[in-house]
Every structure is written in structure tokens, then in C-alpha cells.
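Each structure below appears as C-alpha cells.
In what comes next, subunit A is part of two complexes: it sits with subunit B in the first one and with subunit C in the second one.
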Partner chain A sequence: MAIRLNGLRTALPVGLALAGLLLAWEAAVRLFGVPAFVLPGPSGILVTIAEKSNILSAGLLVTLTEVAGGFAIGTFIGVALAIVLVLVPPLELMAIPLVIAINSVPSVAFVPLVLLWFGLGMASKIALAAFAVAIVVLLNTLQGLKRPESEAINLLRSFGASRFGILFRLRLPAAMPFLVTGLRVGLARSTIVVIVAEMMGGYGGLGQVIYQATAMMDSLTVWAGVVVASMASLGLYGLLVALDRKLVWWR
Partner chain B sequence: MSSEGIQNGGMAARSKASVIPPHLQLVNVWKRFGSEPNRTVAVSNVDLSIAPGEFVTLIGPSGCGKSTLFNMIAGLLPPDSDGSILLSGQPQPDGALLGKIAFMPQKDLLFPWRTVLDNATLALEVEGMSRRKARAKAESLFPEFGLMGFERHYPHELSGGMRQRVALMRTFLFERDLILLDEPFGALDALTRAMMQRWLLDIWERHKRTVLFITHDIDEAIFLGDKVMVMTARPGTIKQTETIALPRPRDASVITSPDFMEIKRRLLASVEEESMKTFALSRDAADRKTMS
Partner chain C sequence: MTMRGRILTSPPVTVLLVALAWLAVVPLFNIEPRYLPPLGDVYAEAVKLWPDLLAGFWRTFLETFIGFIAGALIGIGFGTAFAYVRLLERAFFPIFVALQSVPVIAFGAIVVIWFGNTILAKVVIALYLAFFPVAVNTLRGLSGVNPGRAALLSSFGASNWQSFLMLALPSAAPVIMTGLKLGISLSLAGAIVGEWFGDTVGLGVLLLQALYFEQVTRVWVLIIACGLLGALLYGALSLIERRYVWWQFD
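For the complex of A and B:
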């Protein structure tokens, strides 16, 4: 009950501010007669979303599939690599500078190459999303796995625990909050890279919808695509917050 | 050396002194950290011997090498090659002691993601016992450890004294005959501490394990121990071993008895001398730093 009330207390001002903003936007557009190709009003965008719901939902489905697929693959690769590196410290010394160097290049920069290697279909987007997620998840998880103090590791050793015992009973649980942070950043990055890749070359997805609408100077549909994409990533973010509570229940 | 351990041994040892080897024996144990220009000798030339069932307290100034000594006995840190550690008469090569000794480190190190119950069963799980069995076994100890009703709580919901008892329970559930306790009550207030000391003696008398207990507190060392060992300032070595002949079971009134006072007078001088040395040492180091 208290939590609900609290949720309401934070949601109410945000909702009010948002409603105010939308109203002001709508009013300004109508008052000054701004043409739709410069800036459509919220009502116009909403109407377009309803009208174009067929192509928008088809695009959304493609984009979500690519993001979800890449996210799952990338998380798996990132966590697995982090575990290998923490179990084999010499490997970590060699690999980490490389990973940090790659991480400092925005993954969008790799889009043309990946399109070349994996084609214009979904595979290239999934590969890009997986790559973007794997890098952040790897770096964050590794940091978390190395978090436990030597005293805690020694405690387990004194009970006769093996490296794997220490990994499962101490390192992995301690890494959970870090993993969740990695997932959050990775989700944002993978959504971006997927949409950009769809715009640069693809057969479907919200990026392609936006791209084609832009080519036809249909700014209402561009806006509709952007709004749907934002809503989708907001929804995914909400899922992650729920996951955070599941994975890091002790906080 | 070993003859002393046997003479002063706990009740279990006394009758069969000639056949039972010391439970734990350290022979010329050293630990040096780093290499020459800035080498730290943490532990030097430690010889000691503890009989089965004995409760030995170890007291010494801060930084004299007590925790380092414990880490070596627990098998976490190999002693330098000039010495050896024997368990029930058997020499223990590097790493062989891991898993053989119940070790409670200076910090409680409870895992925040585990409930009190699951923190207590940690060692049992590592040993491969099923969760269900381990929990059942731990649950039966909760009343004795004063933690009834807190099984499903998380560590951050407990007071310092309770956390310490959970860490102790985790150590006791790792059923090894030799228990190392590194300042288990160091962070507690005086009142809780006195209570915990009596409680620990009670548990020890019932479970009959060999205990080696580090403390900074002379009263605590005398009150608990069959034997008090005083360590020198760093490099730490055993300076003096005092047998405590106070009758057991001991209660709070022991502390004010003349015998206790007499022992305390003797130990106090010795301990304070070492503490002063530590103080002087660190002041010298500071002086040298400011001069250069």
C-alpha cells in the first residue's frame, strides 16, 4: 500500500508535467500555424500512429525481435567471457585493454562493416545488438566478479571451496548489481544500434519505416516511428527495472 | 615446547597426555612480506603447541602479526619455508590445511544476499551437503545461538552482536576440531561483549573443540583461556605463555577474584611493554619520514 502510494506520488507530478508539455506543444503548433512537415502536433502524431498501425506494428515487431535476440546473445557472451577472464587472470590482462579500446568506439561505427558481413536482413542487426550488449555486460560483470574482498574469498577457501565454488557462492551473486547496470546500458545501446542499422540498410524494422518516410518527406510518419520506438524502449527499460528487483533482491 | 602444551592441556588431554600429540603445533614459523629494501617481517620464530580441547587466547599489540599467524594456521597463507605446522602430529604441506580448520576472520563477512540461515549453512553447502539438510542442521542451533526467529532475516537487519553470533554459528557448523577466532568480539560494546564471552564458554564446554582466540583485551584473554599467549610487537613472536588455573565453569565474579587480579597484574606489564614498542616504532617511522 505504502509503495503504491509512493509510486503514485512520484508518477503524479511526472504525468502532470508531461500532459502540460503536450498541451503547450499542441497549442503552439495550432496558434502559430506551424506546418506539419516542420513540427506536427501530438494529436496529429497520434492520428498517424493509428492510421499507420499496420506498418508501424510490423516494424516494431522486427525491431523488437532484433533487439531481444541480440540482447540475449550478447548477455550470454558477455557473462561467459567475464567468467572465463576472472578464472584465468593472465587472459584478463591481455584481453581487457583490447575490450576497453573497442568499447570506446560507438558501436554505430561498425554498422557498415557488419551489414557487409551479415547482409541486410535481421542477422546483421542481431549481431550488432549482441556486440553492443556483450561489451558493456563483459566490462561490468567482470568488475562485479572481482568485487569481493580477499577476506571473503579466503573464508570460502578455508572451508575448502574450489574456484568454481567461490565463483558460484560469492563472485556471481556479488556481480549481480553490476550485471544489471551493464544490461541497462547495453539495452539502450543495442536499441540505438539496431535502429540506426535498419536505417542504413535493411528490409524492415522501425528504422526502415522512419528512413522511408523521410525519403518521401512524410514527417508525420517519421514522428510516429520515433514515438513508437521511444515507447518500446521505455517498455523494455521497465522490464529491466523489474528484473533488477528480482536479481538484486537484497537491497 | 610441546611438553608445556601437554602439561597445561585441557581436561580431555590430561589423562592420556603421553599418547595424544598436541592438536596444533607450530615450529619456528616465520612470515616475511616483500623483498629486501622494504621487507616486513610479520611473524618471526613462533613456536607453540595446543592440546586437544584446550582454549588458548592470543594477545598482542595491533599489527604484531596475529591475523597473519591465523591465516597460516588456516592454510590461507604458506609459512616461510624455515618452519612447519603440525596438526595432530602430522606435518602439513602448503595448502593441506585448507578445509581442515574452522576459521572465523576478523570481519563477520556475512553475505548480504543470503538470509541468516543460509549464511550459517555456507560451509556445509561448500562441503556438498544438500540445502535442505544443511538448513535443518543449522535450524537446530538457532536457540542456542540466541537467533531464534531471525532465520529468514537478512544480515543488514541484525545488530552487531547478532551478526557476530551468525558468523560464530557458521564457524561452529563447519565441524572441525580446531577453531580459530580472530577478535570475534572486538567491535562489540562492553556489555554485549561480557555476555558473549560467557555464552561462548558455555558453547565451548558443550561442544568440546580446541579453540585459539585472538583478542586485544586482557580481561577477555584471562577470562576465557586455559592459557594466555602474549605476542611481542612486530615482528611478532610468542613472548610469554601464562597458564590460567582459574576453575571452570567461570562466571562474571571470577574477574574480581584476587587470583584473576594477580594474573592480570603480571600480564598487563608484559602486554603494555609491547604496545609501547609498537607506538615507538610507528613514531620512529613517522620521524624518519618527516626528516627525509
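For the complex of A and C:
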């Protein structure tokens, strides 16, 4: 009971604020007669989402597939590279300048290049998402893997632990919170880069729905697309947070 | 980091190493120009594109810079308001955190409908993107102030304003800097993508044109230019941080 009351106490102000904002938005649009191409009201957007649910859900499916595929591949590559670099220090010294150089380029700047390489289909978006995730995950995981102090490492080594033993017993657990931070930043970046890439060139996906609606000056569908994309990335983010609570239980 | 590691990650050495690797890798693995053109070709293309490149660099810099400064100021303002008015924080902060994970760049189309193909449209996108991380980190920094220290200051008769300037703001500054660094990269991405929705000058415009004409060498020139701009902006912030925000509260 106490917990439920507590939950209500945190949810109530947010709910009220959200409802207030939406009402003010709707009222302002109706009161001042704002044309829909400037700013449609929330009710109009909701109706459009319902009307265009076919196109939107098809686009959502494509976008989610691309983000999820790229996210999984990118996480794997990022973690694997980080482990290799930690196990082979000379390799790390060689790779770090390159990674820093790549990381200072905004990932959206790679969109044209990847579209030219992989074409307009889903492959190019999956590659972009994987790339955006891999860089962040690599840098974060590397930082986490190198976190354990040399004393702790030397202690384990004096007990006869191998490099891999140290990796699994000491380094990987220490890197977990850093990995989770990397996953969060990476997820946000990969959703953005996928949607941007779909806008620039693609056969499907929410970005393409938004782009086509913009070209036809169909502002209601633009808003509907943006809202659905936002809800989807919020949902993905929530999923990640829930997963984090399950996995990193020792914190 | 070891001494060797520090030398290798200093910017001039990084640039030199990457350039050397580029020179070596292309002939060694016989890489097609479609994937990675030789560095010499990229340089020649940059020379050919120079006036446009310079104008685009300057324009994209301006959009990012103005948008970032405005977004950072508004973000710090909102973050401070959240930190001192509990009700405001309870009601709006969760909405802010949620909005942060929204793919805001999709709003680019709407912003251009509102502001037209002006520099203002890109500034607004850059502003919007910088705003959220700065606001969130300002709140995080200000609410992390040591209550014992605050009590000590007020026992000496410090006013709220004095306590804010002398204790809260300095202890929050390192966390705010983290938010600013996140914000500046997002601002740059926002400005570049904002230009795609219609403009004639800017690095983003040049990128879009190079894509349409499938000029891979030109795309590489622009990727380097974008990276340079990103590194300059981030580097300037890091310099300010090291010079003025060198302390680190617990």
C-alpha cells in the first residue's frame, strides 16, 4: 500500500503537468485558429495516427528492425573490440588515435557515405546504427575494463590467475556499469542516425514516412510520424532501463 | 594514462598517425576509391572545393555556436529552476528526461516549416538539442551540493544568493561541463541535418550534394571537415574546462 501511494505521489504531478501541457496546446490551437500546417493540436495528431496506422506501423516495423539489428551487432563489435584491445596493449596504442578521430565526426556525417556503400535498403541503416553504437560502446567498455587498479590485478596474478581469469573475474564485472552507460548513449544515437538515414534515402521506415509527408506539405502526418518515432524510442529506452535493473543488480 | 598513451592521443599526433595509416592502407590492401580514395585525391578535391568548403565551414560553425550558446543558457536556467522549485522538478523533470530520448532531428522538417530556410531554423534545432543535456546536468549538479557545506555557509549568515554563487554553482560546474560537452556534439549534428531540409550554404548542404552526385572523394573531404569542426568545438570546451573548472568536488 505504501509503495502504491509513493508511486501515485510521483506519478500525479507528472500526469497533471502532461495533461495540462496537452490541454493548453489544444486550447491554444483552437482559440487562435492556428492552421494545421503551422501546428496541429494533439487531438488532430491522434486522429491522424489512427487514420494512417497502416503506413505508420509498417514504417515503425522497418525502423525498429533496423535499430534492433544495428544495436545488437554494434554492441557485440564494441565489446569484442574493447576486450581485444585490453588484452593486447600495443594494439590499443595503435587503435586509440583512429577511434578518437572517428568519434569526433558527428555520426550523421557518415550517412551519405554508408548510403553510397550499402544502397538504400535496410543494410545501410543497420550498418549505420551498428557503427554509431559500436564506437560509444567500445570507448565506454574500454574505460570500464581498465578501471580495476593495478594492485587488485597484481594480487589476482600472484594467485596464479591468467589474463583471461583476470578479465572474467575482475575486469568484466567492473566494466558492466560503463557498458550500460554506453548502451544508453548508443541507443539514442542509433535511433537518430537510422531515422536521419531513412529520410535521406530509403524504401521504408518512419524517417521515409516523415520525409514524404514533408515533401507533400502534409504536416499532420509529419507530426504523427514524429510522435510515433518518439514513442518508439522512449519504449526502447524503457526496455533498456528495465534490462539494466535486472542485469546490474549488485549496484 | 601512461606517458606513451598521452603522447599518442595528443591531437597533432593523432592526425599524423591517422594520415600515415591512410597513406599505407590504401595501396597495401588495394582498396577501391569507391570505399576509401587515396589521401592525395581527397586533398586535391579539398583544394578544388576550397571557397565553398570555407563558406560552408563558417556557416555551419555559426549555426552550431549560436544555437549551442542559447541552448546552454536556457538549459542552465531551467536546470536551476528545477533544482530550487521542488514542485516544478517533480512535475516536469520526468517529461524532460523522456523528451531527451526523442529523435529530435525528425522535428527538423517542422522547424523548417516554422522558420523557413533561414539560419534561424538551424540555430533553433541546434538550440533544442543542446538544451536537454545541459538542463539535466545542471539539475544533477546543483542537487548534488553537500548539505553540510550549505548549512555552514548559512550559519555564517550567507544569503541564498551568496550561497548559490559561492557554493552551489562552483560545485555543480564540473557536472554542467559534462552536459555542455554532450550538448555541443548534438548541436553540430543538429545544424548539419537541419541544412538538409533546404539551404544553399553549409557543410550539410555540401554533403547532400555530394551524395546526389555520388562523389565519394568529396564526401570524405566533408567528413574530415565535420570532424575538424567537431574536434575544434569540443577542444575549446575542454580547454575552458581545464582553465576555469579545474576543481572537482566529491
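The rule we apply is simple: the second predicted complex is superposed on the first by the 243 of 251 C-alpha atoms of A that agree within 3 Å, B and C clash if a C-alpha of one lies under 4 Å from a C-alpha of the other, contacts with A are read in each partner's own complex, and residues count from 1 in each chain.
Please note the rule applied: contacts are C-beta pairs under 8 Å (C-beta built on N, C-alpha and C of every residue); 3 or more make two chains touch, one makes a residue touch a chain.
Keep in mind that what you see is a predicted model, and the values were worked out from it rather than measured.
Peer 1: Would you sort A:L116 into first (subunit B), second (subunit C), both or neither based on which partner it touches?
Peer 2: Once the two structures are laid over each other on A, A:L116 reaches subunit C alone.
Peer 1: Tell me which partner A:A152 touches in the superposition: subunit B (first), subunit C (second), both or neither.
Peer 2: The answer is first: A:A152 touches subunit B but not subunit C.
Peer 1: Could you say whether A:A161 touches subunit B, subunit C, both of them, or neither, answering first, second, both or neither?
Peer 2: first
Peer 1: A:F71 contacts which: subunit B (first), subunit C (second), both, neither?
Peer 2: After superposing on A, A:F71 lies clear of both subunit B and subunit C.
Peer 1: Quick one: name whichever of subunit B and subunit C touches more residues of subunit A.
Peer 2: Touched residues of subunit A are more numerous for C.
Peer 1: Would you check which partner chain A:F131 touches, where first means subunit B only, second means subunit C only, and both and neither mean what they say?
Peer 2: neither
Peer 1: Considering only touches as defined above, state whether A:L170 meets subunit B (first), subunit C (second), both or neither.
Peer 2: first
Peer 1: What residues of subunit B sit close enough to touch subunit A in their complex?
Peer 2: Listed in rising order, the residues are 71, 74-76, 98-101, 103, 105-107, 109, 111-113, 122-123, 125-127, 154, 156, 174.
Peer 1: In their complex, what parts of subunit A are in touch with subunit C?
Peer 2: That would be residues 10, 13-14, 16-18, 21, 37-38, 93-94, 96-98, 100-102, 104-113, 115-117, 187-188, 191-192, 195-196, 199-201, 206-207, 210-211, 213-214, 219, 222-223, 225-226, 229-230, 233-234, 237 of subunit A.
Peer 1: What does subunit A use to touch subunit B in their complex?
Peer 2: Going through subunit A, the ones touching subunit B are 151-152, 154-161, 165, 169-170, 173-174, 176, 249-250.
Peer 1: Spell out the residues on subunit C that touch subunit A in their complex, using ranges where they run on.
Peer 2: 4-5, 8-9, 13-15, 17-18, 21, 34-35, 87, 90-92, 94-95, 98, 100-107, 109-110, 113-114, 185, 188-189, 192-193, 196-197, 203, 207-208, 210-211, 214, 216, 219-220, 222-224, 226-227, 230-231, 234
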